[in-house]
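Down below are the structures I want you to see.
Same chain, two partners: chain A is paired with chain B first, then with chain C.
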Partner chain A sequence: MKVLFSFLAVILIILVATMGAFITNLHYVFGIIIPYLAFAMFVGGFIYRVVKWGRSPVPFRIPTTIGQQKSLPWIKQNKIENPTSAFGVVVRMAMEVLFFRSLFRNTKTELREGQNGPELAYGSAKWLWLGSLFFHWSFLIIIVRHLRFFLEPIPFAIQALESIDGILQIGLPAIYLTDVFILVAITYLFLRRIVVPQVRYISLPADFFPLFMIMSIAISGVLMRYFYKVDLVAVKQLTIGLATFQPVLPTGIGPMFFIHIFLVSTLFAYFPTSKLMHMGGIFMSPTRNMISNNRMVRHINPWNPEVKVHTYEQYEDEFRDKMKKAGIPVEKE
Partner chain B sequence: MAPKVKLPKPGELSKIEFKNPATDWMDTPVEFKPGTYCWGAKEKDLLTLGLPNPRQWSPADEDWKIPDGWESTIIEGIAERLSKYRSFKVFMDICVRCGACADKCHFYIATGDPKNMPVLRAELLRSVYKKYFTKSGKFLGRLAGARELNMDVLKEWWSYFFQCTECRRCSVFCPYGIDQAEVTIIGRELLNLVGLNIDWIAGPAAACYMKGNHLGLEPHAITGNIESMVDDIEDITGIRVNPTFNRKGAEIMFVTPSGDLLGEPGIQTCMGYLMLFHELGLDYTWSTYASEGGNFGFFTSNDMAKRLNYKIYAEAKRLGVKYIIGGECGHMWRVLNQYMDTWHGPADFLEVPVSPITGTVFENAKSTKMIHISEFTADLIKHKKLNLDPSRNDHLKVTYHDSCNPSRGMGLLDEPREIIKAVCNNFYEMPENTIREKTFCCGSGSGLNASENMEQRMRGGFPRANAVKYVREKHGVNMLANICAVDRAALPALMDYWNPGVGVTGVTELVGNALVMKGEKERTTNLRFEDLPGKGGNE
Partner chain C sequence: MYKGGKIIASLIIFAALFTIPFFYNMGKVNAGPDVALDTPAIQRLPASEQQCVESPEFMKENHMQLLNQWREEAVRNGQTVYINSQGKKFDISLQDTCLKCHATESASNPVVLNNPANSTGVSNPALNASPEFCASCHDYSAVKPLCWTCHFEPKEAVK
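Coming up: the complex of A and B.
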C-alpha cells in the first residue's frame, strides 16, 4: 500500500511531465519557469532548514565515543572516533560523509540453536554500506558531469571525469559506469525495503517516494541519452540560458528532455521538505561533530537553567543529631 | 500492587519470534504484559521532587489520571525542546529509516518487537513531531508518517521509552549518529510533564534529593555500613583502615554510587576502594551529603539531573578539597563526563588532579577536576606503586563487561583492562562485537533495574549473557568484571538466569584481593570470605 501510493504518485508526476513535454505551448513553463522555481525552492528550503537547525543551540557536548578516550599518556587514544582536537573531528566527519564509516560497521545479528542452547552471532553485513556508497557517489558524479550543460567552455576536470566514467567505451554514445551503478544500487535499496521484513515494516511512503523519483530520473536520463535522443545543442542553449539568467527556449529539443527536467525539478522542490535533508543534517549531528574534550574544556549551555536544589544546610538541619551521634563533623553545633 | 508474576524459563524466553505484526505499527496497540513493565511513580516521590501531576496510579489501569489539556502540555513541551536541543531537532528530521540500528538494540534482539528497533522507537515520537511541526505531516498525515497525539500514543511512549536503556549502541551504527538515548531522554522529559515516570526512578531520585543517595541511606547508616566493611577488612587482612567522613581540608573527595554501600557484590568493590586508599595513605574523605555518584534524575529530565548533580561540586567546595575521585559507575560517568561541568562549572575552586603517589597530572580532567578510579588505579599500576599478588585471583577466569556509558559516552576502555590484567592471571575477552564501544547493555540500565519487570530485564540482558556464555564454554570463565554499580546489582540475577555459576565483581574488588598491604597478615579468604586458592595446603 505504502509502496503503491508512492509509485502512483511518481507515475502521476511522470504523466504531468509527459503532458508538458508534448504540448509545445507549455515548454516555456516546463523548461524554464518550473526549473527556476524548483531551484529556488531547493536552495531556499535547504538554507531555511539548516538555519532552523542552527538556531537551536547545542546545550551539552554529547559525542558518541567509539574508541579509547584520551587519558593516561601510555594508553593509546583513538584520535578519530574519540577526537580531542578539531582536526580529529574533521577526519571523523570526512570519514562519515565520504565513506559512510558508521554504516561500514554494520553487522547482522542471528539467533541460532547451538549445541548448548541458543547462540547469538554477529556476522559482517556490508551490502547496505556498499549499496549506499555506490548510490551516493554515482549520484554525485552524475551531477558533476551535468555541469557540462551549464558551463562553457567545459572545464577539463569535468571532461576528464566523463571520460573516466565512460572508460568501458561500450556502445555509442559510451555507457557511463555511474548510470549502471546508480540503477543497480537504487534497485538494491528499493528491493531491500520490500524484501527485508524489518525494513519493510519501518518504511513509510516517504521512503519509497524519493527512491521512485530518483529511479525515474535516472531512467529518463538513460532513455534520453541512448534511445529517445534529444538535440544536445539545443539543450545546451537552454541550460546555458538558465545558468546565465538569460533564458532562451530553442525549438526541437525533444520531449524526453522535458520529462527529465520536470522530474529533476520535482525532486529539487521536494528535497528540503523531506528526509533527503540528511545531506545537510549529517554535518549538524552533535554525536559526531563535537570534540570529545568534555573534562578538559567546559562546554557552555546558553540556557543553563536555574534549578531548585537541596543544599548542605538543609541536609544538616535535617540530620544534625544523627550526624553528631555518628561522629560526623557538622557546621553548626 | 499486582500479584507477583512468574518468570518464564530461559528456554522459553530465548524462543524469539522476529515476525512483524500483521498490522502496521501505527495500528498495533501497545500491550502491558505483567513482567515487562515497571510500576508507575508514587505520589509521594513526585511531591518530594515537585514534579507535575503527583497521584497514585498504575500502568495496568485503563485510566492513568492525566489532567485535561495534557495534549497541549506535551505539544508545547516538544516545541520548547526543539528550540533548546539541536540534537532533538536534527534527529527528528534526518532519519532515513535505513534500519542499520534495528538489530543493534538488545531489546529488539531479545523481544523481536519491531517497536524496540531504535528507528521505530524514535518514530513513535517522530510521527507526532511531524503532525504538529512539519508542513508535510500536517497536510499529508499518515502518508508522511504523521499521526495525532492521543492517549494510546502516550501509553505507547511510556511503554517503549521505558524499554530503552539509553545505552547508545544504536548511535554507533547510525550513519548520522542519531542517538536513541537522546530521543528517549527527551521522550521521558515529555512524559514527566504529565506525571508519567516509573517508581524505580522517581523513588531513588527523591531519596537522592533529600538524603543524598538513591538508597536513602541517612548519614549514620552510611558510616555504619562502611564501619562494618572496615571490620570485615580487619578480619581478612589484620589491618584496620580508617576512612573519614565530611572532613574539611582533605586533599581528595571520593564519590561513588550508593549501590557500593549496600549488598553484594557492591560492598566488596567498596572494600577494595577502602583498602587501596588506605594502602596509599591517601588524604581523602567520604561525604554523606554528596553520597551518590549515580544520577537517576538523568532518567527523568535534564533539570532533575542537574538538581541531583549539584551536591558534588557544592560539597567539594564546602570541604575545600583539591579534586574529586569518582568510583565505579556507568551512567554516573556519562553525567560527570558530558554534563556536570556544563551545569555547575567552572570548578575553579578545585585544582587539576595530580596523583599524590605518582605525580601524574590528569590533564584530561583539567576542567572538571574529577577523575575515574580506573584512571587513578591504572596509573598506579603502570608506575608499579602497588604490591600485587594476582595469584590470589587464580581461581577466577575473568571476562570484562564494558558498561554502556563509560564506553560510548566517555571512551574508558583500556584503563580497566590494564588493571584486570595486572591483578588477574586469567583474563578472556568476549567476542569483538559485544565489547568496548560495541558492548551490550546489562538490560537494566537507565533506571530499569526494578524487580517487577524481571522478564524484560532478562530479555534485555540476553545478548550480554549470551556473549558471557560463549567465553564460559570456550575458556571456562566464571567471573564477570565490570565498573558499574547497576551492573553489580543487575548482572548477578542475569547470570543466575542465563549462566548459573558465573559471578559478578567490580574491578576494584579484584584489586582489593590482589593488593598486598603493608603489614597484613597471611590472608586465607578473599573479600567474600571464600577460601583463597592454594592457601589451605602447604605449597
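Coming up: the complex of A and C.
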C-alpha cells in the first residue's frame, strides 16, 4: 500500500511531465520557469533547513566512538575513531561522508536453529553499504558529468571524468558505467525495502517516493541518451541560457528532455522537505562531528542562565561590623 | 545559532558549489554552433546531390550509428554502397561522401590553406572548428568521437 501510494504519485508526476513535453505551448514553463523555481526552492530550502537545525542546541558531548579513548600514555589511542583533535574529527567525518564508515559496521541479527534450540546470531552485513556506496558515488559522478551542459567552455576535468565513465566504449553513444551502476544499485535499494520483512515494516511512503523519483530520473536519462534522442546542441543552448539568465527556448529539442528536466526539477524542489536532506544533515550529526574530549575539557551548557552569586568576600564586606561585634573572626580587618 | 560560524561558512560553500554555472558563464554570450545547410561547398554540387545521406533530423540523432554501420559494412562485409531510406545509392566512404560537404569548405579555401597556422589538419574534421565539421558540435557538448583515433590526415597530404 505504501509502495503503491509512492508509485502512483511518481506515475502522476511522469504524466504531468509527458503532458508538458507534448504541448509545445508549455515548453517555456517546463523548460525554463519550473527549473528556475525548483533550483531556488532547493538552495533556499536547503539553507533554511540547515539553519533551523543549527539553531537547536547541543548541550552535551555525545560522540559515538569505536576506538580506544585517549588514556594513559602507554595505551595507544585510536586517533580517528576516538579523536581528541579537530584534525581527527575531520578525518572521521571524511570517512563517514565519502565512505560511509558507520554503515560499514552494519550487522544483522537472526535466530538460528542450534543444537539446543534457537540461537541468537550476529553477523556482518555489507550489502547495504556496498549498494549505498555505488548508488551515491554514481549519482555524484552523474551530477558532475551533467556540468557539461552548464559550462561553456567545458573544463578538462569534466571531459576527463566523462571519458573515464565511458571507458568501456560499449555501443554508440558509449554506455556510461555510472548509468549501469545507479540502476542496479537503486533496484537493490528498492528490493531490499520490499523483500526484507523488518525493513518493509518500517518503510514509509517517504522512503519509496525518492527511490521511485530517482529511478524514473535515471531511466528517463537513459532513454533520452540511447533511445528517444534529443537535439543535444539545442539542449545545451537552453541550459546555458538558464545559466546566463538569458533564457532561450530552441525549437525541436525532443519531448524526452522535458520529461527528464521536469522529473529532476520535482526532485530538487522536494529535496529540502524530505529525508534526502541527509546530504546536509550528515555534516551536522553530533555523534560524529564532536571531538571526544568529554572529560578533558569542561563543557558548559550553552543555555545556562546567568546565576547571581554572593561570594563570601561580598558577605563579609556586608556584615563585617556585625561579625566583629559578635566576635566572629573575619579574614579582612 | 550554535557553532554559527562553521555552519554559515559551510552553507556559503554549499551555495557556491551549486551556483558555479552562474558565475562560470557570467557575461558570456550563449552562442552555440550554427550549422548552415547551404554553404558554398554544398551550393557548388549539382541539385541532386545537395541532400545529405539521410534527413537532418535522422542525422542529428543517429549519425554515430550510421557511421558505425558504414564502417562495419565497408571494413568487415566488403559492402561499399549504402541505400538510404529514399532508395538513393551512396558510396560508403567518409572521405568521398561525408567530407564532400562537411570538410571541403575550408580545405579548398586558399586563404586557409596558405595560412601556416593551419598547416596541419586543415581538412581534418576532427580539428577544424568550422561549423560544417564534427568539432564544432562535438566540442560544444563534450562528445569525443572515436573516429580520429584511427583516421587522420597525413601531414604530406596537406602540403
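Criterion: the second predicted complex is superposed on the first by the 301 of 333 C-alpha atoms of A that agree within 3 Å, B and C clash if a C-alpha of one lies under 4 Å from a C-alpha of the other, contacts with A are read in each partner's own complex, and residues count from 1 in each chain.
Simple rule for what comes next: a contact is a pair of C-beta atoms (placed from the backbone, for glycine too) under 8 Å apart; a residue touches a chain by one contact, two chains touch by 3 or more.
None of these values were measured; they are calculated from a predicted model.
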- [ ] Scan A:Ile194 for contacts with chain B and chain C and give back first, second, both or neither.
- [x] neither
Open item on the list: Looking at A:Ile164, would you say it contacts chain B, chain C, both, or neither? Reply first, second, both or neither.
Closed with: neither
Open item on the list: On the A-aligned overlay, A:Phe150 touches which partner chain: chain B = first, chain C = second, or both, or neither?
Closed with: second
TODO: Could you say whether A:Pro57 touches chain B, chain C, both of them, or neither, answering first, second, both or neither?
DONE: both
Open item on the list: One more residue to check, A:Trp74. First (chain B), second (chain C), both or neither?
Closed with: first
- [ ] Considering only the touch criterion stated at the top, classify A:Val248 as touching first (chain B), second (chain C), both, or neither.
- [x] second
TODO: Considering only the touch criterion stated at the top, classify A:Val233 as touching first (chain B), second (chain C), both, or neither.
DONE: second
TODO: Could you say whether A:Asp207 touches chain B, chain C, both of them, or neither, answering first, second, both or neither?
DONE: first
Open item on the list: Of the two partners chain B and chain C, which one touches more residues belonging to chain A?
Closed with: B
- [ ] Pick out the shared contact residues on chain A: the ones touching chain B in one complex and chain C in the other.
- [x] 54-58, 284
Task: Residue ranges of chain A touching chain B (in the complex, touch as defined) - done: 5, 49, 52-62, 64-72, 74-76, 78, 81-82, 96, 100, 102-103, 105-109, 111, 116-120, 122, 128, 132, 196-207, 273-275, 277-278, 281-282, 284-288, 292, 294-301, 303-305, 307-312, 315-316, 318-319, 322-323, 325-329
TODO: Name, in rising order, each residue of chain C that touches chain A in their complex.
DONE: 1-4, 7, 10-11, 14-15, 18-22, 24-26, 28, 30, 32-33, 57, 60-62, 64-65, 68, 137, 139-144, 146
Open item on the list: If we count contacts the way the header does, which residues on chain A are in touch with chain C in the complex?
Closed with: 39, 42-43, 46-47, 50-51, 54-58, 147-154, 158-159, 162-163, 169, 172-173, 229, 231-234, 236-237, 240-241, 243-246, 248, 252, 280, 283-284, 302
Task: Of chain B, residues touching chain A in the complex - done: 10-11, 14, 16, 18-20, 25, 50, 82-91, 93-100, 102-104, 109, 114, 117, 119-120, 123, 134-136, 143-145, 168, 171-179, 182, 209-212, 218-220, 223-224, 245-248, 288-289, 302-303, 306-307, 310-311, 314-315, 318, 337-339, 341-343, 345-346, 360, 362-368, 370, 375, 378-379, 382, 407-415, 418, 431, 433-434, 437-438, 462-463, 466-467, 469-470, 473
